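Below are two complexes that have subunit A in common, paired first with subunit B and then with subunit C.
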Partner chain A sequence: MTVTLPAPPATVPTLTCDPASVELFVTDLLSASAQIDDLGTFVPGTAQIPAWTGDDSVTYHQEIKPLGTRADAMSLALRHVSRRASQHATALQGFVTTHDDLVLRRATLVSELNSLRLQAPMIPPEQLDDFGADCTQLGNRIAAFDTDVTALVTDLGAEEDEMVAAFTRLQTLDQVEKRYSGVPDPADAALADKPPTSAGPAAVREWWDSLTPAEQYAILGASPGSIGNLDGIPASVRDRANTVALERDLAMLELLEERDQLTGSEKEHLTNARATEKALADVDDHVDPITGEPVTSQLYIYDPTAFNGDGRVAVVAGDLDAADNLAVITPGFSNDASKIPGITDNALNLYEATRVLGPDQTTAVVAWMGYDAPDGWDSPGVAFEQMAENGAERLADTIDGINAIRDDDPRIVPVGHSYGSTTTGTAATDHDMDVDDFVLLGSPGPGDSAEHASDLGVGSDHVWVGSNSKDIVADLGDMGWVNKGNVELGLGRDPAEDDFGANRFRAEATDRGMGDNFGDHSKYFEHNSESLYNVAQIVNGHYDEVSSADHKYDPLFGGPTDPEKDRDPGTTDTEGHN
Partner chain B sequence: MGRLHRVTLGIGLVVVALAACDGGSTAGDPDAGARLEDQRTEVRATALDVAPALAAAVGGRVTFMSGEWQGCNIVEQYLHRNFRYSVSGRIDAAGLDEASVEVLSAALEQQGFRTSAVEPVGSGRIGFGGERDGLEGGGTLYVENPFVLFGFSGPCIDVPKGERETWERRRDPDKDLVPKRTTSGG
Partner chain C sequence: MPAIPPEVGTRAGQWDQQNVDLTSAGSLVADAPTTGFTQTVRAAATPFLTAWHAHVQGLATDAEGFADGLRVSITNWWESDLAAQNALTHDPDVVTLYAAMDERR
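Moving on to the complex of A and B:
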């Protein structure tokens, strides 16, 4: 009997492709489409001058008309190819996965084949049948593998051909006009049915889901601003729309900067756009500590000229549409959109800590600069609750929007720092928010309406306070019976006090200052700190792992006392390095 | 702090509370930039040398490994006064269990690290670590879904005040030592 060893498996061809760079190209195309669409809107709109009459006016209006029509056609064409490129990026990602699987499969097959080769000379005759069966079985698997390798090469070639064809069909202006001139923009009809903001995020979600993929894509290209900050739209869609808007802003403003034509407000606009770009790049640059994959970034809010130029921006570390646990960090005094990289660093630290402490759970952390915090000329607002009250409404809207885009029931934990804890506390007391826990860090008070932790609406067991004993700002909340609240001043009770009824957790820094100081107010999101460890455990819902701290108290005689001052701070591992 | 004092402070300081920031008193090392660059080279070389040895000790492989600069001590909002270079990664191996952490610690010691005691660092996690020539190395074994996270870091170096912002935003364009996904043919 003769047994034939199977032939070695085919070589897997080297695959060098980067789906992420194709996605960037898609965004560039969409951004270009949006800019040209603006021109198409400008011509029949602002560019019309009805008051101007006479021959010159007739000539002018006749001359610009084709420009508008051509712009609309080019916008549609760019959108078409960008959509095809987006499909190409998805396909490439699939090819990369298939390729990597094939490389692993081949290694296994080669190892098994080598093993059979080594055994072959030593097989006794009575075992030849079994050995032959093993060879046949391996041969079949190698044949199936070879078929899969061929399929990968064929499919990749076909995909590339189709991609090239999509571009070739729209290479010249003639081709574009022939195909798209006079064609109605599918975005127009879809946007006509868009519910008003007052309808709420659930209605927006319903509208969005009712659109065809082509209509959804058309809106991204034609009018990203109409959905980028609209609660009820999925985060991944908002991210794409806002990224298109960001790219458009950068292209326009940097050109003006180059020509030295920026106005004061445009300079502020460009500062906020660049800060946003930097924050997103920071997230993209980080890898998930558990998987080693890049952390997903999402631009959830992008309104760089809001609040008289302070800007309104929210950057997410993680996938807001899918993560198990969601945290929303609200920063405090002296923050605006230009500070979004720093706020995002805090979000990244929290993201990493939650992953290290709960590797089976996924997280998304929002760096939410979504309100007008006291800073610059309106800094005195830090002494009053008005700005927190305005911000609270916006925070509640954001939380409602997140709930609307999720069909499941993710854990949601708003985390307010400094004056942001006043905003967060006020959102809790003044608005009905569907969240699981609240975390207040370095809080000067959670707002006047929060007399007790139970006023925040999630049960006092789910209100958590991090207040380090050297943080001078966390000392500003009212305690005892003589305080600013008696004369309608200040930002509310000290939530770390025993009477407030919240859980106080350990938040001392190992490098804490000697006396009360401002530096310790900024240490709550530092890696390997007690504070970050505990906040991450709360976001993960690991309540038993939270290390509790004794409350501050204010005896009838003597001043307010903080037992944490006498405790030696510890370190905790939030990076997995020990 | 006395009660009346608190009230006064609360009314007066709430406006100016965060405006004043501790910028840190140290001038920083004028050679900090060069030292941090050198540290990057040293930490990466150490990680490339030691991490595979740790993986080999437990019969596994380094799944990914990348490095970055990190802030150490924060002195004001979003600004650290000192920085260091740090490499992080993961080891996967079949058959990892609680005893493996002792093997990892021994392997670290064999690489010249002065190791500290192996100890639990939280629910389901056991830590190991050590120090060699001023560099820290160590990791965490996850008991329930066995894998190991590890890291190597240099000492914190104070940078001049005017350079803090630059280092805060500094990224390593070539951060991957072992990228997560390889697309080489086979």
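Moving on to the complex of A and C:
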């Protein structure tokens, strides 16, 4: 009897590509398309001068018209190519996965084949049948493998041909105008049905879901600003729309900077845009401590000229559309959009801590600079609640928007730091927020409407307070019989006080200062700290793992007392190094 | 009241801004990264971007042309209208048009 060893498996061809880089290509083309679309809108609209008469006027209006028509066609064409490239990036990702799988499969098959080769000379005659069966079985698997390699090569080739055709069919202006001149923009009809903001995020979500993928992509290219900050639009879509807007801003403002033509407000605008770009890059540069994969970044809010130039920005570490647990960090005094990298660093630390302490759960943490916090010329606002009240409404809207994009019921935990805890507490008392827990860090008070933790609407056992005993800001809240709110001052009760009724957790820093100071006010998100450990456990819903601290109290005789001052701070591992 | 409305001056500035926006859009196209594509696709992407950079720059140039054209209309009116020159200190419309004769960007 003769047994034939199977032929070796086919070689897997090298695949050199980077789908993430193709997505950057897509964003650049989409941003340019949006800019060209604006020209198409400008010509028949604002560019018209009806009050101007005479020969010059006639000539002007006649000559601008074809430019508008050309811009419309070019915008549609460039958008088409960018969409095709986006589909190509998705296809490439699939090919990369298949390719990597084939490489592993081939290594296994080669190993098994070598093993049979080594056994072959030593097989006794009575085992030849079994050996032959093993060879046949391996041969069948190698044949199936070879078929898959051929399919990869064929499918990749077909996909490459489609992408090349998209480039070559719309390369000249003649090609563009033949195909798109006079073609209506699908974005126009889709946007005409967009519900007003007053309809609420659920209506927006319903509208968005009713659109075809082509209509949705058209809006991204024609009017990214109309959906980038619209509650009810999925986070991944908002991210793309806002990234398009960010790329446009950077390209335009950096050109003006090169020409030394930036106005004062444009300089602020550019500062905020660059800060946003840095914050996103910081997230992209981080890897998840459990999976080793890059952390997903999302630009959830991008309005860099809001609040007289202070700007309004929210950057997410994680996937807001899919994560199990969501945290929204609201910063406080002295913050604006230019500080978003620092706020995002805090969000990244919390993201990493939640993953290390809950590897089976996924997390998204929002660095939410979504309100006008006291800073710069309006710094005196830190002593009053008005800016917190304005911010509270925006925070509540953001939470409503997040709930609207999720069909499941993720855990949502607003985390307010410093004056941001006043904003968060006011949002809780003044608005109906569908969340699971509240965390108040270094709080000067959660607002006058919160006399007790139960006023925050989630039950006092779901209100958590981190108050470093050396944090001077955390001592500003009312204690005992003191109630500055009666004279329209202060930001409410000290939520770490026993009478407030919240859970106080340990939040001392190992390098805390000797006396009360401002430095300890900024240590709540530091890695390996008691504070970050406990906040992460709360976000994960691991209440039993939270280390509680004794409340502050105000005895009848003597001043307010904080038992935490006498306790030695501990350390934890929130980075997964141990 | 000048012979041409002040909106002509405003539009000149807006066309200048269109020029800036479109020039930057052209840069986005020119600088779009092609390194993520396979070699076969990259070979087609590169000439596409080169061609489109020129198309977008063409729009930017046209926009600048309209801005300049409007400024020429304003300048012609200014140079031929003595009454307008005399009204420069007290007619806000004339002030707007006079200011628009200088290209800001």
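Following the convention adopted for this analysis, the second predicted complex is superposed on the first by the 576 of 578 C-alpha atoms of A that agree within 3 Å, B and C clash if a C-alpha of one lies under 4 Å from a C-alpha of the other, contacts with A are read in each partner's own complex, and residues count from 1 in each chain.
In this section, contacts are C-beta pairs under 8 Å (C-beta built on N, C-alpha and C of every residue); 3 or more make two chains touch, one makes a residue touch a chain.
Small disclaimer: the values here were computed from a predicted structure and weren't measured.
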Assess the superposed three-chain arrangement around subunit A: do subunit B and subunit C clash, or do they fit?
fit
Taking the CA centre of subunit A as vertex, the centres of subunit B and subunit C subtend an angle, in steps of 10 degrees, of 120
Partner chain(s) touched by A:99 [first = subunit B, second = subunit C, both, neither]
first
In the overlaid three-chain picture, which partner chain does A:16 touch, first (subunit B) or second (subunit C), both, or neither?
both
Under the stated touch criterion, which partner chain does A:71 make contact with: subunit B (first), subunit C (second), both, or neither?
second
So, A:522: does it touch subunit B (first), subunit C (second), both, or neither?
first
Using the superposition described at the top, determine whether subunit B or subunit C touches more residues of subunit A.
B
Return first, second, both or neither, reflecting whether A:122 touches subunit B, subunit C, both chains, or no partner chain.
neither
Could you say whether A:192 touches subunit B, subunit C, both of them, or neither, answering first, second, both or neither?
neither
Once the shared chain is lined up, is A:514 touching subunit B (first), subunit C (second), both, or neither of them?
neither
Mind working out whether A:81 is in touch with subunit B, subunit C, both or neither, as first, second, both or neither?
second
Shortest span in Å between Cα atoms of subunit B and of subunit C, once chain A is used as the common reference
13
Go through subunit A and flag every residue that touches subunit B in one model and subunit C in the other.
15-17
Subunit C residues touching subunit A - in the complex, by the definition given at the top:
3-5, 7-8, 11, 14-15, 18, 20-29, 31-41, 43-45, 47-48, 51-52, 55-56, 59, 62-63, 66, 69-70, 73, 104-105
Interface with subunit C, subunit A side, in the complex: residues 15-25, 28-29, 31-32, 35-36, 38-39, 42, 46-47, 49, 51-52, 54, 56, 60, 63-64, 67, 70-71, 74, 78, 81, 88-89, 92, 156, 160, 163-164, 167-168, 170-173, 176, 247-248, 251-252, 254-256, 259, 261
Using the touch definition from the top, list the residues of subunit B that touch subunit A in their complex.
1-7, 9-11, 13-15, 17-22, 24, 63-64, 66, 68, 70, 73-79, 86, 88-90, 121-123, 125, 127-129, 136, 138-140, 142, 145, 149-153, 168-169, 171, 175, 179-186
Which part of subunit A faces subunit B closely enough to touch in the complex?
11-17, 96, 99-100, 102-103, 106-107, 278, 281-282, 285-287, 289-293, 332-334, 339, 341-343, 345-346, 356-357, 359-360, 379-380, 382-383, 418-419, 444, 472-473, 475-476, 478-480, 482-484, 489-491, 511, 513, 516-519, 521-523, 526-527, 542, 544-545, 554, 559-560, 572-573, 575-578
